[in-house]
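Each chain gets a letter, A, B, C and D, in the order it is written, and its residues are counted from 1.
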Amino acid sequence: MGEALVEVRGLTLRFGGVAAVDGASFDVGQSELLAVIGPNGAGKTSILNCLNQVYRPQAGSIRLDGEELTGLRPAHAAARGVARTFQSPSLFTSLNVMDNLMLGRHHLMTTGFLAGAAWYGRARREETQHRAHCDQIMAFLGLHPYGASPAGRLPYGVQKRIELGRALAMEPRLLLLDEPVAGMSREEAEEMAGYIAEVNRRLGIAVVLVEHDMHVVMGTAHRVLVLDFGRVISVGAPADVQGDPEVVRAYLGGPEWPPAVGSPGPPPG
Amino acid sequence: MKDFLQFLVAGLAVGALYALVALGFVIIYKATGIINFALGALALLGAYLTYNISQTWGVPFFAAVVLAMAACAGMALLIERLILSRMVGRPTFAVIMITIGLAIVIEQGVIVIWGGATLPLDDPWGLRTMPLGDVVVAQSDLARIVLAGALLAGFFALFRYTTLGVAMRAVASDQEAALAQGISVRMIVGITWAIAAAVATMAGVMLAAGGRGVEPSLGVIALVAFPSVVLGGLDSPIGSVVGGAVIGIVEVMTAGYSERIPEFLGANFHRVTPYVVLVVILLVRPYGLFGTKAVQRV
Amino acid sequence: MVAVGGRRRPRLAALAVVVLLAAAAGCGRDAAVTGEDGEGREVGGARQLSPVPGFDLTTIKLGALTPLTGPVAGAIGIPLTEGNRVYLEKVNADGGIAGKYKLELIAEDNAYNTDNTKAKYKQIKDSVVMFAQILGTPPTSAVLVDLKTDRMMASPASLDAEWIGEENLLPVGAPYQAQVINGLAYALGDGGAAGKRVCAFAAEDAYGEAGLEGLQFAAKEMGFAVAAIARYTTTDTDFTAQVTQLENAKCGVVVMTSLPTPTNAFLGKAQQLGLDPQYFVAQSPSWLPTYAANPLWQKNVLYVAEGTTWGDETVPGMKEMIADVKRFRPDQKPDTYFTFGYAQMKAVVELLEEAVSAGDLSREGILRASQNLGTVEFGGLFGDYGYGKAGDRKPPKANTVFKVNPGVPGGLEALKKNFASAPAQMYEFKK
Amino acid sequence: MDALPDAPGKRALAVLAPLVFALAPLQLGDFPLSVLNVAGIFVLGTIGLNLLTGYTGQISLGHAFFMGLGAYVWAHFGGHLGLPLPVWLLAAAVAGGLLGGIISPFALRLRGNYLAIVSLGLVFIGIHIWKNFESITGGATGFTGDTRAASVGIVDFGDLEVAGRAYTVDQSFFWLIWAVVALGVLVARNIVRSRPGRAMQAVRDHDIAAAVIGVEPARYKVGAFVVSSAYAAVAGALYGSYFNFVNPDHWNLFLSIQFIAMVIVGGVGTIFGSVLGGLFVGSVPRVIETYGGRIPLIESLGVTIPEFNAILFGVVIIGFLVFEPDGLAGIWFRLKARLRSMPAPLTKEI
């Protein structure tokens, strides 16, 4: 696996008395695509929320390229190169696609209130330059037709793509995706999976993918991590995990196991 | 010591008014998550209705108060149904501003109907007093404390022991879950407005009682009561009682011992003490003494 | 979408501005709205008037900025403006200014608000020769600078001492400071409260400050110490603290520089808690006619204002006013603010007579006339006012002390009329 | 977003606006000018509040406090010390921004409702300070200046004379106030279309998502508060100079509410809307007062014109929020879109 990009050790997050994440330890390799699966309430989203510090874990450490992330504010974690999408698209609904993408580049830009107020000169040059970059992302994700509309009024699938675009605009080292294909039609899901794989392969960005759609998981992930009640119960190649008896036991009674590759995923929830 | 007790009683009487208004804010906030800035205007309307029913129509005072509470509650219900219910899902900012717009319309309407002059309320207490040890207690102050206490106790009983109360608590804790339980959230929200208006009417009447009379500036009581709400916690009915009492006492004490207040704080420092308390409490406990800290889920 | 280019527009716009400003410089409005040609011309030995804004050779128009709606309107604005009108109608019935120029009053609602006063002032200033009434201290302050710029004359309906030194203002009556001094002089003199401890209850505004100034002066001149001063603010709902403070100070005389609703509530709380001085001394703005029936006010309140009991024919000014009320407003209820407005218009009319006889109704002409006006006598409705150059004016220092008596018209019975106490005469109003 | 006057309408505006700006004072009387001057001051304040409330989603009822602060900055530096216009105008902006920056961390701990209440407290505390800090504010009586101190070099807006022609205060202040408004509009537009403005809107739309992509919400809430307060203070300073009188009770809650009304009526989150909102709330009551006597409806309702105005104010707030949440700007844009969608040969919209 080589040198790991992310090292998570003994991560624990509690809400009241309930442990959402319970001593989880795992690595994410450079340019690796790691899928996180598990039954509902297993703590998948909580792990993502810890990775970019939206939640403050009570114990454990998260290192990105050897630097500790815990204790940082989310905005600072973002500046270190952690990007993130949400289960239900969390766009800036009244802004258009370009502005949403440009916000992804916020930490790469420097214009403050005074320079912005003056506009002519540095602020304008910076603006033009970063817009060009976002333009490329829009082209890559096929977002140009939606240019002027407020993002909140666009179809669900498009919003998901914009959110991915916004994360890419951040030029991240680690991309956290929370159910990127949930609620999509089969074709949309395939398309999105294609984008994810391409981002991972071509740009070399490490991806942590939380997803219920086993088709996507098994088709794109290098490794799969299985969570149950906040604990890591299995990590390994997709095929190995599928046969792990621990995993089978965890999913017992659940409709989605064994996850037959090619079957549509469960509805989002 | 005599002064202290005198101020204590006066502070409690002022605090009782604050508590009533604060409760009005809290119940609406719990059910809907907004602050109803029209509450002061409803208190004003309630006081004028009481005047009208008792003085113009000759209904006995207490019956008039009850009728006015009912009428004002009905009015609030109507406003909620006709206007506020259209605002579901809109930003808090917009809803708060609607209530401010309502306050303006109601206040001006009252002035158009009854004029701007002070009207006598002829309440049963007037300026009568009774001795209580060393202290002279205005009967109207006593009535404020007792009636506010009774109304608050009534509310807590309703909130805790009746089906309606259970439904209200359900709506307050989780609207979606309440809906799933078959509770009509729409109806409950309307009822909270009605209850708040009735409570505010009582506050308005009690403010006008004791010789002040009914006049257009009665509604200010709502603005002055805000610090009590924050001190107690925006979502805590118990907090509104404690907050009201504390702020009332602090305010009257500051005024009463104004000679001992450093001069650089200015004359009439008691006007801003409630807000100073408010700033301090927000620094120490942003969600008030009894309020619950909002947890934001992602 | 991308912001590039766009150089053209700013340049175009800038060009337009430059061209237009150049054009504008050539066609600025004449500063002569003050009407330099309002100056009278000698025609066959007699001065003849020229038309000026607000005067078309037949009618002289006057402005009033006063609350006609809201709480202050019913209590003060409307009766006061009615007083203005009745005196004006009397003058018109007698032929008008100089026997031939009719008067017309344009009253605009200022809602007792500075923004509105400013706007209304601008709205009517070019259609009136002067303002016969601007009600309230803040509204007057708000337009004072415009009065100066426009060289406009106005008569304020507030008893602020600040007005005495303003050449654009034609104040009437003894200022609030004099009211307090005279009230105390009466209470501690004829009133028999000599040696009693003196305290104050004061609003936190310009009026309250003026009252306290009078109090401090009276204390120095009459040799007493102020035992306690209790302040209040508009949002106060309970006066226990203030009453207790004064009670602990064992006050025998309490001067109240306060507004009606708080004064009434304060008196109520005083009764409840047993604060029972020999006198409460109230000032003219504390009063509402409805209080006449209130036992709290009947008991031990001295009310300091101007004039005399409504209908008191021994005072010539009152006799004249009652005759005019019967003639023009038989339904007018007794009201001290009506009296104020009536007397105020008398001062304005005297000023206009002076200006007309000098042959100049322009703004400058009226300002000049005010300096030559001399003393205006109010027949006992106000103390006589010695006008003149702003620095040399001699404001009246006389007041009337009333007690509340529901048996007399208006509920105010004059105890001592139009007197200027010795300490009041000593008082120098500073600008 | 674009700076290019692409549409004929915009090009017309670019020529028309300076034309109106230059010529209006020469054509209008002092009364309409005074209404427009106060409306212009309102517009400046509204832009400030819109940056905070409309663009950043923070409700503040404390705007009147900062406007009062600016007025007293004028009172001290202009009216009292007689320093020239650029000095006190800049001082007002700095004082407003600075105090906004000091206060905002308190406000930041709070969301929505709480901020509204605390900022309301600011207004009350403010009035207390204005009344008691007498050496600068003139206490309860207020401050009246000996001079408007509105001079820039040899140009004195308080007593303007160009090439032998004298102009009234209302004429010269129209130029002064609306020039500052133009600058204020430009600065606000530049802010909202560049990085900080986008960040403010991100915080408003979804503050957690904003934090996650690297926008520090606290930073932009503070920034918006600072800029907003600076605008209010500049508006207040102009108000002080124009009225030459500053009265503590003027900076009350109702003024704050008026500003919120202007934001709502004009359009939440648009600079253009702030201009419309300020003009509307600043001038419509005066128009009704002047011509209301000719509307038979008002009298048949049995209310006086000022009463009608006051009720209308409340009704307008409610009406816009319920039926037209995008305000006058929303109506304007819709109208424009409708005009464009009509079969015209030259439309390039998608």
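Everything below uses one rule, namely that a contact is a pair of C-beta atoms (placed from the backbone, for glycine too) under 8 Å apart; a residue touches a chain by one contact, two chains touch by 3 or more.
Predicted model only: the values in this text are computed from it and were never measured.
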item	value
Chain nearest the overall C-alpha centroid of the shown protein atoms	D
Identity of the chain that, by mean CA position, is farthest from chain C	A
Interchain centroid distance [CA atoms averaged], chain A/chain D, Å	42
CA centroid of chain B to CA centroid of chain D, Å	33
Rounded Å distance, chain A centre to chain C centre (Cα mean)	73
Centre-of-Cα separation between chain C and chain B, whole angstrom	39
Sites on chain A at which at least two other chains make contact	54, 86, 127, 147-148
Residues of chain B engaged with two or more neighbouring chains	111, 223, 267-268, 271, 298
Junction residues of chain C, two or more chains touched	1-4, 70, 204, 235
Residues on chain D engaged by chain A in the complex (per definition of touch)	187, 190-191, 193-199, 201-202, 204-206, 208-217, 223, 226-227, 269, 350
Chain D residues touching chain C - in the complex, by the definition given at the top	1-5, 10-11, 14-15, 17-19, 21-23, 25-26, 29-31, 33-35, 38, 124, 131, 139-142, 144-145, 148, 159, 162-163, 165-171, 193, 243-245, 247, 249-250, 286, 289-290, 304-307
Contacting residues of chain C [partner chain D, same complex]	1-6, 8-9, 12-14, 16-17, 20-21, 23-31, 33, 68-70, 109, 111, 114-115, 118-119, 122-126, 137-138, 141-142, 144-146, 149, 162, 204-206, 208-209, 235
Partner chain B, residues of chain C touching it in the complex	70-75, 204, 230-238, 240-242, 244-245, 248, 260-261, 264-265, 268-269, 271-274, 288, 290, 296
Chain D to chain B touching residues, read off their complex	53, 57, 59, 106, 109-114, 116-118, 120-121, 124-125, 128-129, 131-133, 208, 253, 257, 260-261, 264, 268, 302-303, 307, 310-311, 313-318, 321-322, 325
